[in-house]
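Pasting the structures in now, so scroll down.
What follows is a pair of complexes built around chain A, which joins chain B in one and chain C in the other.
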Partner chain A sequence: MSAKERLEVVGQVRRRVDGRGKTTGQTRFADDLALPRMVHCKLLRSPHPHAVIEEIHTEKAKQHPGVHLVLTGKDFPIPFGIMPVSQDEYALANVRVRYVGDPVAAVIAKDEQTALEAIELIEVKYRPLPTISDPVEALETAEPRIHDYGERGNIHRNQAHEFGDVEEALAKSDHVFEDTFFFQGNTHLPMEQQASLAAVEGDGKLLLSTSTQNPHYLHRQLACVLQMPASQIRVIACNNGGGFGGKCDPANHEMVVSKAALLLGRPVKICLTREEVFYQHRGRHPVLMKFRTGVTKEGKLTGMHLQTLLDGGGYGSHGAASTFYTGVLTPVTYELPRFKFEACRVFTNKPPCGPKRGHGTPQPRFGQEVQLDKIAEKLGMDPAELRLGMVTKDNSLTANWLRIGSNGLAECIREVVRRSNFKEKHRKLPHGRGVGLACSAYMCGAGVSIYWNKMPHSGVQLLLDRSGQVTVLCGATEIGQGSDDVLAAIVAEVLGIATSEVRVLTGDTGLTPVDLGSYSSRVTVMMGNAALQAATRVRDQITVAAAEQLNTLPERVVLSQGRVFAAEDPGKTLSFVEAVALAESKFGTLGAVGSYAPPKAPGKYKGAGAGPSPAYSFSACVVEAEVDPKTGWITVPKIWIAHDVGRAINPVHVRGQVIGSVYMGLGEALMEEQAFRRLPPKLSSALVHKIPSMLEYKSLTSLDMPEVDVALVEYPDPNCPFGAKEAGQGPLLPVMPAVANAVYDAVGVRIDEVPITPEKILKALELKSQGKPARVGPENFPAVPYPAPRFVLPPWEGGDGGELKSADGTPARKAKVAA
Partner chain B sequence: MQPKLHMTLKVNGEEVEASFAPYKTLLEVLREDLDLTGTKHGCELGECGACAVLIDGEPQLACLVLALECEGRSVQTVEGLANGTQLHPLQAAFADRGGSQCGYCTPGMLMTAKGLLDKEPQPSRERIREAIAGNICRCTGYNQIVEAIEAAASELAGSKR
Partner chain C sequence: MMRLPWFEYRAPRSVAEAARILEGEGPRAMLLAGGTDLLPNMKRRQQAPATLVGLRGVAELKRNGAALGAALTLTQIEQKNDLPAALRQAAAQVATPPLRNMATLGGNLCLDTRCSYYNQSHEWRKAIDFCLKKDGETCWVATASKRCVAVSSTDTAPALIALGARVKLVSSKEEREIPVEVLYKNDGIEYLTRKPGEILTEVRLPDQAGWRSTYWKLRRRGSFDFPILGVAAAAHFDGDVVIEARIALGAVASRPFLIEKASEFLKGKRLTDEVIEEAANMVGSRAKPMDNADMDLYWRKQVTPDFVGYALRELRGDDMRETRLRIARYAVA
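Up next, the complex of A and B:
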């Protein structure tokens, strides 16, 4: 390490490196690109939620003037899917359509208008199949199967894990709370509609410029679908106009324009309409949940049995991972001695669900935190004290063998409680006003890659030359979260220069080292660690060369504010440019690479790959709500949130990530809803999207959005670059339960489902006035045929992180180690 | 196919000529025929505000205006906001204060804010929130956008003094 003592870039409020481009309109999003001889693509989408394609006639469309190419499922024999276990999508449906909006054919024409006209000329004969509209129907309907893979019938994934004997723990508890919750699905609604431009470049290789969060996974999938060597394909992830998880899956339209560009030898572009973005979806899974939670009368958890049922929609997408995430992070916030988690994902005939900000975790966090509010009330405890009494510790393991590093949850709770005056308000405000508290934790990057491999999760390359220019390359993708700025900041900090001296080039599989993508809040930690390693390697070359000139030892050389000098003699300095030139003279052309792979997780059981992360962020949130008992209308005047970000690389933008998360969480809490309706029987009874427009899909405007008070809590994590953890997803999670808890404090009704609408509040108030339980939420939890659980002892019961098995290899129910 | 129109438009203070099909919106003509892709679209149905530009100083949704209606009128887009390489105070404030994350709503936000500040140099926080209520931003939660507009207003007031 160099002798510099203070951080000069990290932790400072700075203009983000992409700020200028974004405010001048110079940043090029995918739809801003155009190329000579470019032609345009439109997709024909299925009007049926579930049907077999019997015939498809494209002759008339092909003959339409201005049409260059018509493609159908026959042109795409190879399936794809983001998860290796769910290769179930075709760029264009081959035999079967599985949701209204499933792409069936594509027209490439001289302009969009002509392509649209030709789309109308394609004749498709469908044989409709029964529609499966929700999870209960999916469980009850074994045939027809929406897919011919998965567990059985229409069950896609079905799994169970038990960490210690939960029934025993519940039996010994002073109280057992049993609650069911429902979290409705919602969608990302990025402002940018997905767009892609494919072209064969002068070197004969395919270039796809597209709005993707994950160029690397897309690159692999393209190679597979197009049956081409990946080395002949280059994917550029353009700046995303918002992602939120919606641009993680490789998408049909990306495959289609790539194939068309290869066939036509000219650039092919597509931009989805807003309606199509709703069909592309991959948003929040609707999840039904049941919690059975044991507590002592002092307010300590004894055990929890969590069951979840996910409505997956028509394809696998990230569903295998989403299923795990409806439970695996549950034990990260509070000490939970024993934990049983059963989860099931079913297929239904709706647009596929996938990862949305918080991926699978907001749903159980909602249930858990609302249930804790009920527990606090029953035990006569303050909700903050209840939580503070059981927060997880630094450097601890959870029942399911996740390793927690730095942990600022207790401070987050104290901070929001203090700033919001929670204790003076809770249970004390007049009827109609209330406050609610909730907490969460989130991962800083998934510990394992989506496909099994032993390679780095992130790579960074650094190039320097005698001009003093510093160029940093990484496959990470700027989706608005500020990853380019984080990359520049880390390099600038190590090299003692300003971020404006660094040129950042990201998200280009043809030029930049692999980074797995902008998902799972992994970029700051993984890309950041890779950047730190690359920059440190280059700095070591610079300090060796400069030390000779400065007559000092390399470890005494300081790089600071564009100058290079010996710690003992700051008067004698070299400029950064001079020092780089000395290093280039000594070592030849300068450059370095850095890479990062997460530490190995301690869990060894099957399924232990979901949940581990190099670090966890923590958040606590207080929402104040005003509820009009006459109309049920909810107003949220203010929200306080504290987030343990480890260290803020750029505080102004961390604050922005936190407020943005709160915004999205509040929208989910109050109004956002991906809802469907059945057409009347004379119109096929098909299940259609209720609201594929921005006008109908309600989201918060500037008038609805309250002021957010943000406290950044900084508990640096040793696994993270400069200690920095994530900020882009975690702060969303506590908002929904905090709203529900505030509504209860205001008018004494429990809304155990999301969104919390005025109608539901009125219904609950009505029930209350009738002397019935003042609650709106799911009445019961269906009988899901979960498998026998894999049984693993928690760390404190003497387990080794592996599954206990009987002699015949089946899951063993019990194996008390200490007799 | 309808014949194209040939028209002169005044965009960012310059006269520009364009030929386009008469059904094209101002948004399409700006982006496709004049290569001014700074103006964005999020719906093309008047629902999101991403396409806001100033027409004769008034914020308008370019996706709801036919280009042929703009003959003889002055259109201002985000490309005309900076003075040479010097950012307009609104641009600088958005870049410095978290007003722009993904940047996709930013051009529409900036033009809407400029429309406001041109008329009301010192708007209250409430007025700012009202003025941008038709511009959806999915990233920022609006707080830092409002703060950036306030900062730009003070900056502009300071430079006039």
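Up next, the complex of A and C:
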């Protein structure tokens, strides 16, 4: 270990390493790429929400001047899908189309205009099938099935877990609160529309440069779909102009241009239109939720029964994981002795839902935090004190066997309450103004990979030479979140140099060690730990070589500010370049690798793989709202947020991530809807996206943003590099429920669904004036045929993290007592 | 990206030359002013003119005097301090600054009507088998309707109607001047009374001495949205007594229109809270929003009187800046 005690790079406000390229327009996004002899691809998409393709005639399109190639489903016999359990997509539909926008054929032509003209010449004969537009219809309609796999009928995933006897806990509670909530689906809306350029390189290998968050998973899927060895394929993840989860799935267009480039031997480019991005989607699942929560009169939770129903859209996507995430993180914020979680995902004839910032967790967090507001009122407690009285502890286990490390939630709550003067405002502001509080927790990286393996989740390679240059390579993907800067900062910190001395090379499966991708808030922790290991290994070589020169012990060598010196005699120094040259002389060519795999999770039951993480971040948020009682018009003048980031690697950057999360959360709270329109069934079978345009899909602009007050709470986590946890997703989660709670404080109405619009507020105000319950939200929760739960005892009831089964195979309710 | 269809581009240097081209080309030609609405519409194949007659080079349309040239940009209108408040406020709330730097007054007056079944790509419209306004047979907003109910979405028209403005229309054969309200018809397809060969060349405002005016716009986002309700009001006062008043509504029908009954009602009255409420309800009853624009139509109808109330209270002299800030989300001139 080095003798340096103070951090010099980590924790400093710095210009990010990719800042110059982005602000000067030098960064090349996928759509900026152009190659000689490049041709252009356009996709023909289904106009039907559900149909069988009976015939496709492409002759006219093929003969259109300027057309090089036309591809259809028969060119892609191998299915794919991000999850091993949902290999249900074809690059181009083979027999069936499942939503309006499902890709059916592709034209590759000399330019986009020609490709567009030729697409019109493709004749497809469809046989329309009955359509399913929402989960209730999906549950009621067993046939026709949208997919011939899944649980049964149109149920894709169906599962239940029970951690301790929840009915018993509820029966013993002083109060049981029962609430239903709905969270509308919404989409990522990245500024950059997906683009890809495929080419066969001089060595005969395929190169795909694309806007993807997960080049590694895409690499594997390409090998499968193209039936080529992965070693013959190189995927470069270009800088993404925003991802937010929308570029996690391997996408049809990526398969299509790769195949076309191989067939033509020419570079093939595609850039999706904004409308196509809405069809590619993979965004927030619409989720209907029911919470039955028991509390004591002192305000402690006794047990919770959570049921969720997810509208999955036309394909599996990440749905198997999304389904878990509508519940597994629920017990992380507050002590919950017993927890039962039932979840079901159905297929519908709409663009597939998948992971969006917070992946499955914002929906139940909304319900949970709004319900807590109701509980606080009923118990006559302050909402902040109620929460503070039951926050989870450091180094604890949850009922579902997640291990929490560092935990700054209580500090986050105290911080936002203090900064916003919450206690002077809550229930005290004049009618029409109010404040609302909500909290959340999020994972810092999924504990298991998407496909089962024992290899590292992230690898980093470091190269140094006598010039003093430091190059760091990692498969992680810069999607705007700042992962390149985190990587440079960690290496720079360990080697005692500035980030400007580090060259960062990321997201290239041909050059960089595998990193699983930019999802689940995993990059800072996993890539960071790998980088820390690699940099420490190199530093140890440098200190050994320098110690000889400095006549000291390697442990006494300090690397700081580009100098290398002995701790006891800072006057005697080497430059970093000299020290590297000494190390190269001593050890030969310098370099090191580092890798990281998360710790093994304590849960052993089936399903225990979703939820574990090396660490959890925590957030608390206060929203102030003004509501016009006459019109329901809602204005949010200010938001306070505190986020436990463990340690801020670059504080200005963390603040940016936090404010960006608040921005996205506020848009979801107030207006965003991935909404669909079904025409009158007697006249038309159409089921279309209501508003696939950036103008009419309503989302906030920077002008619509209120002031955001950010407090960074730093509880370093021992599992994390320099203690740093995630900041990219967690701070979004408390915003929506805080808005709902602020609206209640302002005008006394509950909007138990997202988005919270003036129409809904006014409707609730009218109900209130008629003496009816002042609430807008789902009226009931449908009868979902959940399976019998897997029963697991919580850690404090003597469980071992495994499922309990009695002799007849039915769940046992008590621990076996050792004889 | 979305691509424009092929078209021929003509660049006349005078109104007379433009009018001659229009006459020669007939209905297959369209005028191109700022292009902020027409060009995106063409990308979606809502319109596919064979010829575009670009007005950029016609200097006389940029006259910036007593008469306002139709090619003045909305930014120029917004910044022209001697113009009445209603017009400047309306111009200032159209779209975003970059679009207002391109978009023109004449273009905003002739803005195509909008509908959530129509302002979609060709592929999307194909998926619903098109609609009455373009390429189809059925109005999906009101399936029994024989008339297209696409909504007028111009902000400057209601303002100019309230202000009593007139527009000049020039063809190769004649010139005529009509009140702005006469430029419009309540039909989503044939929404203008402008003949195919006519060019809207200028806008004339009557003498504004003694008048006060205002424009209130309802839209989801203060930053960037078409109106889902526009309320323009202008009144001539003697002390605090209304001598004459004009209130116009936008975005609640296929045309912007004047509510004459409100003018009669307000004449000779002081704008007390009771008078304002009665006038607001009178105007609000005329709003007929349809389910073809943003937000719930019943709510849009419901809040119309509130917006009329804001406008009249502002004319009365109330300080409405805070309310304006909440609605518009930023300070409007």
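We take it that the second predicted complex is superposed on the first by the 804 of 819 C-alpha atoms of A that agree within 3 Å, B and C clash if a C-alpha of one lies under 4 Å from a C-alpha of the other, contacts with A are read in each partner's own complex, and residues count from 1 in each chain.
Methods note: contacts are C-beta pairs under 8 Å (C-beta built on N, C-alpha and C of every residue); 3 or more make two chains touch, one makes a residue touch a chain.
Owing to the predicted nature of the structure, the values given are computational and were not obtained by experimental measurement.
Novice: When the two structures are overlaid on chain A, which partner does A:G25 contact: first (chain B), second (chain C), both, or neither?
Specialist: So A:G25 only meets chain B here.
Novice: Could you tell me if A:Y149 is touching chain B, chain C, both of them or neither one (first, second, both, neither)?
Specialist: neither
Novice: Of the two partner chains, chain B (first) and chain C (second), which one does A:Y451 touch, if any: first, second, both, or neither?
Specialist: neither
Novice: Give one of first, second, both or neither to describe whether A:T701 is in contact with chain B, with chain C, with both, or with none.
Specialist: Touch status of A:T701: both partners.
Novice: With both structures fitted on chain A, tell me whether chain B or chain C touches more of chain A's residues.
Specialist: So, of the two partners, B touches more residues of chain A.
Novice: When the two structures are overlaid on chain A, which partner does A:I691 contact: first (chain B), second (chain C), both, or neither?
Specialist: Only chain C; A:I691 stays clear of chain B.
Novice: Between chain B and chain C, whom does A:M191 touch in the aligned arrangement: first, second, both, or neither?
Specialist: first
Novice: Does the superposition put A:P758 against chain B (first), chain C (second), both, or neither?
Specialist: second
Novice: Indicate the residue numbers of chain A shared between its chain B interface and its chain C interface, in ascending order.
Specialist: Residues common to the chain A contacts of chain C and of chain B are 273, 693, 695, 701-703, listed in rising order.
Novice: Across the complex, what residues on chain B touch chain A?
Specialist: 31-32, 35-45, 47-48, 50, 77-79, 81-82, 87, 90-92, 94-107, 110, 128-130, 132-146
Novice: Chain C touches which residues of chain A in the complex?
Specialist: Per the stated touch rule, the residues are 45, 47-48, 100, 112-113, 116, 271, 273, 275, 626, 628, 630-633, 635, 671, 679-680, 683-684, 686, 688-693, 695-696, 698, 700-704, 757-759, 762.
Novice: Under the stated contact criterion, what part of chain C meets chain A in this complex?
Specialist: Touch residues, chain C against chain A: 1-3, 116, 119-121, 123-124, 126-129, 138, 140, 143, 220-225, 294-296, 298-299, 302-303, 306, 326-327, 329-330.
Novice: For chain A, which residues are in contact with chain B within the complex?
Specialist: Listed in rising order, the residues of chain A that touch chain B are 15-16, 18-29, 31-32, 34, 188-193, 239-244, 273-274, 479-482, 652-653, 655-657, 659-664, 693-695, 699, 701-703, 705, 707-708.
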